[in-house]
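Okay, so subunit A shows up in both of these, paired with subunit B first and subunit C after.
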Partner chain A sequence: MTSVSIYLILPYVGAALAFILGKMNQKLAFWVAEIVGAILFGTSVYVFMHYGETPIDIDYTWIAYGNLTLPLGIYIDHLSIVMLLIATGLGFADIHFAHDYMGDDPDQPRYYAKVLFFIGGMILLVIAKDLIGAFAGWEFMGLASYLLISFWFKTKSAADAGMQAFLYTRFGDIFLLAAIGLLVYFVGNINMVDLDSLAKAGEIDKTVAFITAIFIFLAAVGKSGQFPLYPWLMNAMEGPTTVSALIHGATMVNSGIYIVARLFDFYAYTDALLVVANVAALSAFIGATSALVQKEIKKILAYSTMSHLSIAFVGLGVGSLAAGMLHLMNHAIFKALLFLSAGAVIYIAHHTKDAWKLGGLIKTAPYVALFMAMGSMSLAGLPPFSGFFSKDMIIAEAITHGSPFVYTLVTIAGLLSIAYITRLWILIFLGEPRNEDIAGHVHAPGNFFIRLPLGILAFVTLGIALYQTDAVEYIVGHEIEEPHVKGLLVGLLLGMATLFAIVVGLYVKGMNLLEKISKHRFMQIIHQLLFRGYYVEAGITFISKNIVVNGIARALRWVDTYMIDWVVNATVPFARMIFRGFRIGHTGRIGDYIGTYAIGVAIIVVAILIIVKGV
Partner chain B sequence: MSSIMLIFGPMLLAPFVYFISRGAEWVAKWAALALFVLLLIISVDLYHALPVGGGFLVLGDYLRVPGFDYALTLQVDALSVAMLILTAALLILVVFTSWEEKMQAAYFSLLILFAGPIFGVFMTTNLLWFFIFWEMTLVPMLFLVGIWGGERKVYAAIKFFLYTHFASMFMLVSFFLIYKQTGQMDFTMIKEAMLATPVLIWWFMFIGFAAKLPLFPFHTWLPDAHVEAPSSISVLLAGVLLKMGAYGLIRFVVEMMPATTMQFSMYMVVLGLTTTLFAGFLAIYERHIKKMVAYSSISHMGLVVVAIATVTYDGLSAALYEMIGHALVISPMFLIAGWVHHKTHTWYMDEMGGIMQKAPYISAIFVLAGMAALGLPGTMGFVGELTIIVSAIKAYGWWIAVAAIASLISAGYVIWAVRRAFHAEISPIVAKSKFDMSKPEFLALCIYAVLIVFFGVYPQPIFDIANNAFAMFGGM
Partner chain C sequence: MNSLIILIGAGLLVPLFFKGKIVIAKYIATAAFAFAAFNVFMGHGISMEYFTLTPDIQLLEIVVLIVLAATMMTFSGFERPLVSQTLFLGAASMAMLETNNFLMFIVLFEVIAIISYVLGANIRSRLNAEGAIKMFVAGATASGFILLGFALFAMVTPSFNYAEIAIRGNFTLVAVGIMLAGIFYKMTIVPMHGWAGDAYAQINHSAAAILSSVIKVVVVIATFKAFYIFLQAYLNTTVLLFSFFAIITMTLGNFMALFQKKIAKILSFSSIAHAGYMLIPFAAIASGYSYTALVYLAVAYIFMQTSVFLLLNDLRREAHIKTLDDIRGLYQRSPLHALFFTIQLLSLAGVPIMAGFISKAVTFWAGVDAGLWPLVLIAALNSALSVGYYAWVIKHIYFDTTDGYNTSKIYMTPGSLLGQLILLAGTIYFGIFAAPVFVSTGI
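After this line comes the complex of A and B, so read on.
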């Protein structure tokens, strides 16, 4: 119970404290955040260690209105604990790292307050029992993400990116809101645990289950950057790198996967999982191919995030909760490592984000290079790093249970990850510095605040690989049988080796060849297509700008001004016209009055005659 | 104290305050503040005196002459008390936000004058008196908009006055038709006496209240009036006057004629949804910051009508919550929009930009209120939207889920407004403006912010009132 109250209160109180104390002294903001982060992580470890036989399960009625009640319960089981450890652990590491990275920013109180608020939202999502609580956490994170992406709101691009992130994810979220309404009506229950067991027992109407599952998945698509709502994730890189690491790499973007995993039986009940698998496979391919050609460090990582989230979704989609969640966990850790390494690189190079302007940094920062290489190998899926186990498992599951479309795309995406991450690493660390100006100013990172979290994360990435089967067992509660696909491992490793060789060859020795290839017209078209993320952003912008705002809204505005309000305003001349008509009689001449009087009397007399005689 | 003094006390007090404070203007301000605090205390007291389990608390019965049906019957139930508390609270905050208004003696005397009839509207159940008080609220409003307003204040004030006055005529006709049919003028008596389904009465009354709400297509008076009114008066317009429409709709349309309402409820839902979406799109297209807020206000009132149209226990409770939530959410937005104009002398958001750098706290309150307007959990806006959608789906079926689109549209206009006016680089106009605010005004904004979050996290107190108010729909 204590742990639950800590989870529900401390992040927000901490956020307020960080802001208020930080206004007195900049440094206090960091220390408040550090302490709160440590307490939250400690609580998660405590919950993990002292977990009893049954989940922590608290029911609470939030609103009782009329004949309805809206619940807001708490439910902490193994799945929640894994997510809690990820959220608070990486949150703590991220806050620690920010000490140097955000060290010279004048707005630190605001920064730490928002980060703590974000962690609170993530915690709320993963410990919520009901969809309302989950939605609340979901939206808190959306708000925090918006506020942190546009943290440097002075620049137009950051403000734009924040707006875009909010609206894209909001587009998905309204479906979650609608799903809550529909579930209250059709099922009478929005408790996620009950929904799972009801679905398992077959007590929900199939159509309702399918439609609400798809609605919830649409929200997940927005939050986890899947096709077609992914462009916000790339532009979200406008925010501070520590924010990208925490929110847009390691934690918030996982919430879509988490909610599908939480409602896994509900999804498995209908064909909704099939939709998940197909959308995710397409997204994995788009993300992986687009990551190949990006220039900015963070954009490469963002596309790889998208691709890897999709791979985790595919794991769920082909029916393996364990594989999907395992990949989520592994990915969160190595992606935090990669993003923070990227942050260290950017910090070293004085906020240069373009990988093509760097090079040769291995001499300045050998440790960062080493840690990033470990993260990269894990992302690429090389044994014995953690990424290898989950990715291999998902591909095997996809080949066993998925359609050809799904497993082809996911295998390609899995293989390509080695290409783009090797390319990134080579561009940053090997070769000669490409930009003298930047190379002249690089400085080594500090130990305690920069290298320590990186080292720990690298260690965890390696260490957790030893506990993969335990982790799976912990999440699903029993041992699972991994599908064995003959020759898969050999094939994957061969493919990876080939791609690795090509990338190393091109970027280390064959820069001239690379230039020649990229000058080719056909390659340029492909390059543009990939670089722009398949023009999805352009399409969505076109629709929202030209159809919604300048189309529908403008037309309605015209209707409002020139039809509805015109009628209202037209009453004035109309009334004036009538009054003028009456005024004709008021001439002031006695003769006119007598004449009108006579006519009036005559009309009345005739009328009376007609009424009396006629009827 | 006799409860009739709640209505006529302020009306009698107003001229005295005016004449006394002509020499010392501060008197009017403090007199108004003291009076409104007193009204708030009495209203809260009334709530505790209400009968448990719903129903009316009879406060008094005046001017009862045998053979003459127009007695001034004063009785309140939880719905009216909720409105009284809201009105008194908003009036107090309005005093704070008008702290530095010009011509204070006249201004605050008019506010005091306004307090009387508005309490009358919510306290009487006699149709004739209801109508008299209803019309009397227009008079101080006309002057408050027409004298302290912006450039086109006279046009706006007259349009507002004539428009709502014209709509009231429909209401008056329907009251006479009711009298003709039942021979009664009091709400409680009519409810028992009305047997037939009065189609014409229903529509006339509906139009009367719909124009006040305002409901599409009777909404065009509102943006003009809000834009030209001083911000604090916009708060009264949105927070109290629009609520008169919703209150009337619940009390005299739904509670008096539930069967007829159910018969026509589909029209109400369609009109409510149309209002919500139509006004939402207009808000997206709007460059004018205060008009944007005004359309947002209309958009939310549309949802209130959707909730009222359910004619169910939970739907009406949700409607009452959203009425209060709307008042508290839209008020700071109006105040900040007006304040921004006052400081920059421009209405257009694309000429602003970067205000957050110069006035971070006030901008943050705008963002918070905007988040509430778009229905972010933890704020009042979310609770209202969620409960309305849930109860409307329950009453009408799955298709009402399209109402969720409203929260995407509202996200669109709020976030875009923040992006254009508050974020990004400082524009030339903003650069040369000084963004200061008097302490009482800022205090009022903070109170709004706290209330929005408090009742958003812990909404049950308001739903307790609502559950008390609509208990008679419990069995339906």
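After this line comes the complex of A and C, so read on.
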């Protein structure tokens, strides 16, 4: 109960405090955020340690009058605790890391306030029992994400990216709201736990369940950067790297997966999981291939995020809650590590984001190189890192239960991760600096605020690999039997080895060959297609610009300007006339006021007389 | 009982510390309020004959005491004379809310009236004096009516306890009518409102903050409790009379606020308009939700109305801001004042996640539940109209620049900041969590 109050109140109080105290003294903002982050993480650990047999379940009615009841319950079970540990733990690490990374920024109070507000939203989402509470957390995060992407709002690209993220995710969010409306109307219940059990018992109409499930998935598509609503995630990299690490790498983008996992039985009840699996497989493929050719460090990581979220979605889609959630958890940790390492690289290289300009950084920052390599290996799915177990499990599940389309694409996506992440690592750390501005100006990272959080995350990435079976059991509540596909492991390892060899060969030894290949016309077309993310953004922009903005919006604007405005403007003289009429009584003389008082008394007396006479 | 002694004792004690800075007096007063609020929270009311503490009253008393404490924190040396009166008001409000006896109700009504005259009498300019005099003369007239009505009523009733009040034909009806005429003065119901539009704007703003929020709310709630039996007994009259007064009060208040240039005038007419909303639960007495609606309105209104007047008090003291022209570009001069002002104005306008929204929603629902569609429709239209002038103020704060006017920064004192934060917390808390009010009023 205490922990729930801490979760519900502290982030917001902390945000306000960080802002207000930070305005007095810049340094205070960080320390307030750090302390609040630590308390939140401590609370999560406490809840994890002291979790009893049954979930923490608090019913609360937000509003109830007439036939309208809006519940706002709290529900913390194993699934929530995993998410809580991820959100608060990574949030804490991220705040700690930001001390150096954001150290020169004059707007630190604003930064930390927004980050704490974000963590509050994430917590609210994962501990909410009802869709209303989840929706509130969902929207809090959307707002925080918008505010943080456009944190440096004075640069146009950042402001635009924030707006884009807001609009793309909002497009999905409308469907979540619609789903809530449908559930209230048709099922009369928006309690996520009840929905699962109702679906299990088969007490919900299949059509309604299917439509709502798809609607909720559309919101998840927006939030988790799935096809076709992913372009915002790439542009979101305009924000500070610490923000990308926390929000667009490790936590918020997971919320789509979380909500599907929370409503897993509800999804399994209809064919909605098929849709999830297919969309996700396609997204995984798009993300993995596009990541191969990006220039900016953060964009490579963003596409890989998209790809790996999709892989987790595929896990859910082929019917394995355990595989999906396990990959979500592993991915959150190693992706935070990768993003923060990228942040460290960007920080020591004076905010250079283009991987092609870097190179040879292993001499200046050997530890960062090591930690990033560990994250990379986990992402690539090399044993014994955590990424290996979950990815292997998902591919095996997909082959056992999924369609050929799904498992082909997800296997390709899974294999390609080693290619793009090796390419990134080689470009940053090996060779010689490829840009003269940076060569010789790179400074070494600090110990406490940069190396320590990276080291801890790297250690966790490696260490958690030991507890994969326990984690699965913890999440689903019982032991599960992993499907065994003959020869899969060998095949995957061989594939990875081949890809690894090709990438190393091309980028370490064969730069000339690489240049020759990339000059080829056909390769350039493919390169452009991948580099632009399959032109999905261009397509969406085209549709929204020509049909929505120039068509519908323009027509509405005409109606607004020439019809509605006219009516509104016409009421002004009318209102002023009424005002003049009323003002007659307000002379400012007390005698007149007593006069109007008498009128009031007269009204009451007349009313009473009428009643006495019995009219 | 303890709370009363502490509050009154503190009120008598604080004048000793009025020399020099009033910090100590403020601390003592705040501590007294905090103690009283805690006492009430623990369930200790006045616990004497004629006083009962029910959950709804408990909630209201805590709110009133917290708001008074927040108000106390914002006081500066200018408000020296208000400190002890505010403490007395806290005690009187507790008694007024808890009483279940008609005689006590009348006496406490007069006590609060006298406290309000003294609050208004913090005179520093001709304008202050004018406002105070208007309030006093109108108040004296109203007192006459109340006492006349009460005398008539006293002749026929065997007991003054609410539970044992007897209704004896037309005698009681006339008596109730005359008493209402007096009480409407304090509630600023049109056409008994004339003094308020001027006085709220003319007297010291911090006194106006207390007068237009705490005192109004306490009187409204106590009246509802005291007159409940009459309102039920003459149901048709109640519906007609209160609907009528609600409509003209809301409409006049909103239209009068629409074209004002002085901010204080806008706020005082908005306060009058809110008195109109508060009559809707009276008219909707047949609905089971009417009392909930009234309590919600009271709780929401007390936070936001106090806050806006106190902010205006700050602005006038620090930067001589009086009119809409003066407040232009306030965002640049003082982001904190601008933010608080905007949030509280939005709450007054009834924007969601602020208390103003749910309070209006519940009130309108109560009206619909009692079958008063036309009244609710007019109230909703009025509510839309009111956005006109609230948004107008916000527009001046955020979207206009200070061009040519004074651009100096405005400083917010720590006490003021703390007080405003408490009021803001209240506005947002009751905008998100509706259950405390619902549960305490038994819904």
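Points worth noting:
Operating definition for what follows: the second predicted complex is superposed on the first by the 554 of 615 C-alpha atoms of A that agree within 3 Å, B and C clash if a C-alpha of one lies under 4 Å from a C-alpha of the other, contacts with A are read in each partner's own complex, and residues count from 1 in each chain.
To be clear about the criterion, a contact is a pair of C-beta atoms (placed from the backbone, for glycine too) under 8 Å apart; a residue touches a chain by one contact, two chains touch by 3 or more.
Source: prediction; values computed, not measured.
In the superposition on chain A, no contact is made by A:L466 with either subunit B or subunit C. Judged by the touch definition given at the top, the superposed model places A:R554 against subunit B, while subunit C stays out of reach.
Of the two partner chains, neither subunit B nor subunit C is touched by A:A538.
Within the superposed three-chain model, A:M523 lies out of touch with both subunit B and subunit C [touch as defined at top]. By the document's definition of touching, neither partner reaches A:A570: not subunit B, not subunit C. The wider contact with subunit A, measured as residues touched, comes from B rather than the other of subunit B and subunit C.
In the superposition on chain A, contact of A:Y60 is made with subunit C only, not with subunit B. Legend: residue contacts after superposition of the two complexes on their common chain; A:F579 is shown touching subunit C, with no touch to subunit B. Of the two partner chains placed by the overlay, only subunit C lies in contact with A:D592; subunit B stays clear of it.
Subunit A residues 62-66 lie at the interface with subunit B in one structure and with subunit C in the other. For subunit C in complex with subunit A, the touching residues are 133-134, 137-138, 141-142, 145, 170, 173-174, 177-178, 180-181, 184-185, 189-192, 194-195, 197-198, 234, 236-237, 240-241, 244, 252, 255-256, 258-259, 289, 292, 358, 362, 365, 369, 385, 432-435, 438, 443. Within the complex formed with subunit A, the residues of subunit B that make contact are 159, 163, 217, 219-221, 278, 281-282, 284-285, 312-318, 321, 354, 356-357, 371, 374-378, 382-383, 385-387, 389-394, 397-398, 400-402, 404-405, 407-408, 411-412, 415-416, 418-419, 422-425, 459-460, 463, 466-467, 470, 473-474.
Across the complex, subunit A meets subunit B through its residues 62-68, 70, 132, 135-136, 139-140, 143, 146, 150, 153-156, 159-160, 162-163, 166-167, 170-171, 173-175, 177-178, 180-182, 184-186, 548-549, 552-554, 556-557, 560, 564-565, 568.
Of all residues in subunit A, only 60-66, 575-576, 578-579, 582-583, 585-586, 588, 590, 592-594, 596-597, 599-601, 603-605, 607-608, 611-612 touch subunit C in the complex they form.
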